[in-house]
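One chain, chain A, links the two complexes that follow: it is found with chain B in the first and with chain C in the second.
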Partner chain A sequence: MGTVKHILWRSLNIVPVLLVVSALTFLVGRLTPGDPIEAQFARDHTPEQVEAIRASYGLTLPLWQQYVKWVKDLFTAGGGMSIVQNQPVFDILLPNFANTLILTAAGVVICAVLGVVIGVVAGTNHRGFLDRFAMLFVQTGSNLSVYWFGLILIWIFSLRLGWLPASGMESRNGGGFGDLLAHLVLPGLSAALISTLVLARFTRLGIIQESQSDYVRTFASQGVPRRRLVAKHIGRNILPAVVNIIGLEIGTLITGVIFVESVFNWPGIGTQLVNAVNGKDYPLIQGGVILVALCYLLVNLLTDITVDALNPRLRR
Partner chain B sequence: MTGALLSVRELSVEFGRGPAAERVVDEVTFDVRPGETFAIVGESGAGKSLTASAILGLLPDDAVVTSGSISLHGEEVLTATRSSVTRFRGSKIGMVFQNPLASLDPSFRIGNQLKEIIGLHRPAATKRERHEIAETWLRNVGIDDAARVLSAYPHELSGGMRQRVMIALASLSGPALLIADEPTTALDAVVQKQILDLLRSVSEETGGSLLLITHDFGVVSYAADRVAVMKDGRIVEQDRRDRVLTAPADAYTRSLIRAVPEIGARFRLAERGLPRRLGPAGGDRSPASADGGDGTAVTAAGPRDDDRDARPPLVTLRNVSKEFVVGGLGTGQRKRRFRAVGDVSLHIERGEVFGLIGESGSGKSTLSRLIGGLLRADAGEIVFDGRDIARLPKAELRRLRPRFQFVFQDATSSLNPRVPVGEQISRPLLRFGKAASRAAGRARAAEALDLVGLPSSYLHRYPHELSGGQRQRIGIARALALEPDLLILDEPTSALDVSTQANILNLLLDLREELDLTYLFIGHNLAVVEFLCDRVGVLEQGVLLETFRAGELSAAGRHPVTRALLDAVLPMRFTDESGTRGHAAAGKADP
Partner chain C sequence: MKFVKHARSAVVGAVALLTALALAACGGGANGGTAAGGPQGSGTPKAGGTLVSGLYLEPLALDPHRQGYWETYRVSSNVFEGLVKEDLSDPKGPTKLLPALATDWKASDGGKKWTFTLRGGVKFHDGSDFTAESVDKNVRRISDPAYEFYDKTSAARLAAWFGDLVKGRVVDDHTYEFEFSKPFLGFPRILAQSMSTLTIGNPATWEKYGNDGFADHPSGTGPYTFVSRTIGDRIVLKRNPNYWGPKPYLDELVFRVIPNNQTRLATLLSGEADIISYVQPEDVSTLESRGFQVPEGHGAAFLYFTFNFKNKAFQDKRVRQAVIQGIDRDRLAKEVYNGNAIPLHSLEPPGNEAYDPDARDFDYDPEAAKALLKEAGYGEGGLSFTIVADVANQNLAEWLQSRLKGIGVNVKVVTLDRPSYVARAFGKPEPDDGLSIDEYGGSYAEWLYQVYYTNIAVKGLVPADFPEITKALDKARYATDQDKRIELWKEADKKAREGAIAIPAVSLTRYYALGPNVRGFVYAATNWYDLTKVWLAG
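What follows is the complex of A and B.
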């Protein structure tokens, strides 16, 4: 009973955070210089007409009324009308946002698997050759730029070896799930690069620290083999930390994939947001930021609940 | 020696390699015979734990066995291959560690952990059998509600319970040798005795030997058959317990035994007209020269008992209560209150040492924090020198703060590791306006160091450059620099070695005399409390059960809780003509 209540309470906490985020997004958009209506219509319309257009978008109202209207639109009118594309914002964003989420998910899977594997290998061979080698790799990798890494991947695996497609989300004549996976590998790898290395570091550190803990000594003194110590006892005890890092990294990935999308021509939300910023398309920018923020908060919530559930001290 | 179960020969262990290597265990030789309890006793850094770890091949990564041999049943252990080491771990040698709070895996239920070990030693046992063995063993170690404990996580059990589980875990395979490394150091006195009894009865039951590593002569005297005394990596003396305790051959052993506080020691010293001092005769304020020295000693019985009543008490508590609230809105837990201190009334006279005793969790520390103004009481009044600090506005309480100062148990973590100690002493002086300039603050800090017997060159040292005893002296100097009236000492010596503890206790007695201080002393070692304190208060579950003069500690009519605490003190047992000296002598001292 207590846990259900706790989860409900935590979910409720998202509402005020979203309100603050929405207010900030709204203000940042309005308070920076530039006027989308001027830019788009001033050339072939009279000042009176421009003013009328501005009024039709509700941009002549006081700021707080504009904000209230926008929040209402988020629920009822698909996030308001895009100024440039003249369509409801969510109609424009959602299909591409789904693509962004697909790429993010691929990144998360790659990050979780590779990060944990590298971390475990390094941590269990602490101070050994494999540890040093893995850490060298992590050090180097952490300093790579995502663009450059993506281009190198394309050069090797698409241009040189021809194993994997270089860009886009599906082959020209369409394709099934396998085709999608093939297209996901390279952008997924480059998106996950930094997060993988962060996770590897934490996993390694966790294993090294837990190896020195008293309970590991207890079970070692009872003759429990090293392999089992790592797999059962150490693994279970670093699991909450690993889940926590993965949760944080999902947040980084959601925002990070936007760069990768431009390298790999992935039809995600990234290009749209960049265009929206250039055109000062307020509703579109705000809608995009809100979507990303909402995902970020949901991921955080899920992470917190999972981590709590994994910790016997916080159960019951 | 023939027939030894465990035989350690000229074992040496070094930290690091090459010329910089530090030898921490130096040609140690001893035997553990079947069925006996062998104790290795020594102060911190003597190498006793490393010796024990070497037996199981569990040395830290950077420690290496450089020479010697360890054999069990005549079978060499040191050269055993990795897989055979694993084989005799647990099955032939079991080990119980010092810190029961961290020695069990926090993420698994007790049952799961026990059954894992059972499965390891008896792969053929069925699930049902494993469960039964686990349950039986929990009963063997004195846990009645085995079913509950099996399904509990370690954090749901008390320290004593966890140590019982550890003992079950280490002995359920019936090892020939059980190694217990400071098994009771982290536990309070009452539980300590139960655990020692249990260790002995368990090893009797399995017919195995017990190798006990400890720094506490009380533990040795209570539980050991034979003893080896270790100092700086060497065994300086080993013999039957009674010989080592009554007729120690080595000077170091003698100095250690003399440093052990005993119930009634103070009154025996008074009878013989000797100063109230622990350790080597006279004792010295400087930690460097533990032997020799004179020191202006206080006569043992506390001569100021009579002339004290002329002045009003320094601290008076009337019906003080404090509740803590756990859980509540936003935590997902039900809001609960529990009473840490309930309706306590007491007074502390000027110049008096007032002792507070009680089991852990009885509210001693909370009460001391209330008196020291670190917590605010919910009800009642705490009058310090005529002013009720429970109701004083913040600014005025702040002005009063220099007059009551704390010295805490953990000297290491109560000092800032990145600031030289001189700075740590002089900063509060500047803050409270006790020193006009930084130079004046430094001068005062040097004076304070002088008071606690440290040279002023120590002002520039960092805490990690000091020993445990020196750190505690710094803690006392920091408190004294502010010229307090009341010093609140929260178990200031319980983390220290016996000889260091003796030095600190002697120092405290000197300082009280010299500076006309009043102490509130919290302790769980009753021998220490009796030695130092004039009056003693007994707390249980936040309630003050009784107060009495230190000399009346063992008098008839003491509250059962006090009796239990007293019974838990491990007496130094001497089998010479005087019989057990502990209780008998204390009884004689009753007025």
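What follows is the complex of A and C.
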């Protein structure tokens, strides 16, 4: 009973956070220089003509009226009309949002598997050759720019080796699940890069710290095999922390995917949002941010619930 | 136990990846994967196939009266047609005007009245007939507030050329008449343009889906029909079996939106696209060495720099002229664009009907520039200003900065994202702003009028302060003698050059890149292309 109440309470918390996010996104758009009409029309229309176009989109109304109208549109009019594309915002975003989730999911899988594996190998070989090598890899990788890393991957695996496609999510003549996987490898790796390394570091540290704790020393002195110790006892103890980090990293991944999408031309909302920002398409930017924020909050909520469930000390 | 074993194999995988990275980073030379270019002869055109085109930006709404950006028109010109079109098989220009939905047109009443004979037997994509009534509904959508489907935003977008329209009139089923309050001899050329003009959409579509719904169901008379669009991904068109004109070769056109320059290039190189726009000058040699085609030519566009007339320094003609004389445009074309650009000295770019290759404003002369600056009260290091540019033009801005140092001018460079750039250059410049960099142009001579009253005037030039230019522009815009029209525009351009009101810079000569097996493509001397003559070999 207590747990259900707890989850409900946490879910309710999402509402005020979303409200604040919506107001902030709205204001950031309006208070920074540039507006969608000027960006599109200033170069071939006189200021009077630009103003007439602006008025035709209701952009000359007082700010609070525009905000109220937009919040209403979020619920009733598909997030309002995109100014640049003349289509309801969610009609534009939702089909591609699924693609973003696919890429994020691939990133999460790669991050979870690679990150834990690297961390465990390094942690169990503390100060050994594998540890040093893994840490060199982690150090170098953490300083790579995702953008650059993505381009290098394209250059090697698409252009030089010709193994994998350079962009998009399906081949010219379409293709099935295998085709999708082939398109996922490079962007998935780029998206997961930073998070994988963060997770590897945490996992390694967790293992090293746990290895030095008293119970481990006691077990070891009683002859419990090292592998069993790591798998059964240390692993069990650092699991909640690892899940917590993965949860946090999913948030990072969702936002990071936006850059990766633009490098690999992945047809997700990242590509759309970059375009929207370039055209300062207010409703599209706002709708996109709300969508990403909502995901972030939901993932955090799920992580909290999972971590609670995995940690016996938090059970009542 | 298993856990650790798996962990080991994954580490081996990671090491392999790292090694691959290291090896690849060391490896040089490029003869990988891509097919070598076949013989460039035309061969016998072959019908069928899908052409994938990589666009550098997301097209805007596929609505004949709301479209903007050439990339939009490179897609939509396959769906919608105008009454008149340009000859897109001409790489030199100025392109001839050809009949499209109108077979014939003539002016009367000193250029105030235009009568168009419309093509018979043309059908919209939904099978309905194209008649004078269809033209009338298009005209009313952009000009008649009493029409149920009057579209305010379209009207505002088209006001630049249709502001003087008194009325449109159906004469008979296949004759339509426009009446303007002032002479408008440039009208047919304007009708053949892409933006802010009267391209013909299917009125049944907006009557069914509303003005905002049109772009979801674009319908016209063109050689291709709309299949689907995913914003941020692609637009798919298929051949219109009932097209009135010569049948296009390709079955399907796919336009993928690939804004990232490197990714767009990689997509072409890996064979996932057949044609891309906006090739970067530094990529031309890579492409050619791998057998890809990068046709030489020019559009009707150019880069130019405009002055911030709100900055007091630039209200002095001597200062503006000095800056022009301080820039070596031949060198600019070579150094910033690897020689893939034509240096320009006039505001009517190549491809424009009033382009004059011999026109000169002020030649490069650093000594004269310094002398002029001194005369205007700015000795060595006395003049400082900021160049404001879109991030895409950062190289160019920095090149200008280093060159202007040569005439003793201190320049600061500020680069901004697109909306912030437009807001600052076109809206509220800082007091120290001096130059901004734009890229635009058109094949119509009226372009000069447009650039003067928008790009240049919006940056603080007061037309009344330049009566010679203003008068010459009006004379050309409202000319009444067709034979003198182009001469009048050239005259106006000369006045603009003498006034040193802007700095024409360069026009790019490489813009599209094509896969080795693409045939029949022409880099037309305007800002879009004709895909109906394109076919795929092999």
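Simple rule for what comes next: the second predicted complex is superposed on the first by the 292 of 316 C-alpha atoms of A that agree within 3 Å, B and C clash if a C-alpha of one lies under 4 Å from a C-alpha of the other, contacts with A are read in each partner's own complex, and residues count from 1 in each chain.
The working rule: a contact is a pair of C-beta atoms (placed from the backbone, for glycine too) under 8 Å apart; a residue touches a chain by one contact, two chains touch by 3 or more.
In this text the structure is predicted, and so the values were computed from the model without any measurement.
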| item | value |
| --- | --- |
| Side-by-side fit of chain B and chain C on chain A, or clash | fit |
| Touching partner for A:275 - first (chain B), second (chain C), both, neither | second |
| Contacts of A:9 with chain B and chain C, given as first, second, both or neither | first |
| Spatial angle chain C-chain A-chain B, Cα centroids [nearest 10 degrees] | 150 |
| Which superposed partner A:237 touches (first chain B, second chain C, both, neither) | first |
| Partner chain in contact with A:167 - chain B first, chain C second, else both or neither | second |
| Which of chain B and chain C A:313 touches, first, second, both or neither | first |
| Partner chain(s) touched by A:42 [first = chain B, second = chain C, both, neither] | second |
| Per-residue contact with chain A, leading partner among chain C and chain B | C |
| First, second, both or neither for A:217, with chain B first and chain C second | first |
| Partner chain(s) touched by A:267 [first = chain B, second = chain C, both, neither] | second |
| Superposed arrangement (fit on chain A Cα atoms) - minimum chain B/chain C Cα distance in Å | 16 |
| Residues of chain A that lie at the interface with chain B and also at the interface with chain C | none |
| Chain A partner contacts - residues on chain C that touch it in the complex | 1, 3-4, 6-8, 10-11, 14-15, 18, 20-21, 24-25, 27, 30, 32-33, 50, 52, 57-58, 60-61, 63, 66, 68, 152-153, 156-157, 159-160, 195-196, 212, 215-216, 230-234, 256-260, 262-264, 266-267, 269-270, 272, 417-424, 426-428, 438, 440, 450, 453-455, 457-458 |
| Complex interface listing, chain A residues touching chain B | 2-3, 5-6, 9, 127, 213-215, 217-225, 232-233, 236-237, 312-313 |
| Chain A residues within the chain C interface of the complex | 32-36, 38-47, 49, 52-53, 56-57, 81, 84-87, 92, 95-96, 113-114, 116-118, 120-121, 124, 130, 133-134, 137, 151-152, 154-156, 158-162, 165-168, 171-172, 227-228, 230-231, 235, 262-265, 267-269, 271-272, 274-275, 277-280 |
| For the chain B and chain A complex, residues of the former touching the latter | 56, 58, 61, 86-91, 93-95, 97, 99, 102-108, 113, 116-117, 120-121, 153, 155, 166, 169-170, 173, 330-334 |
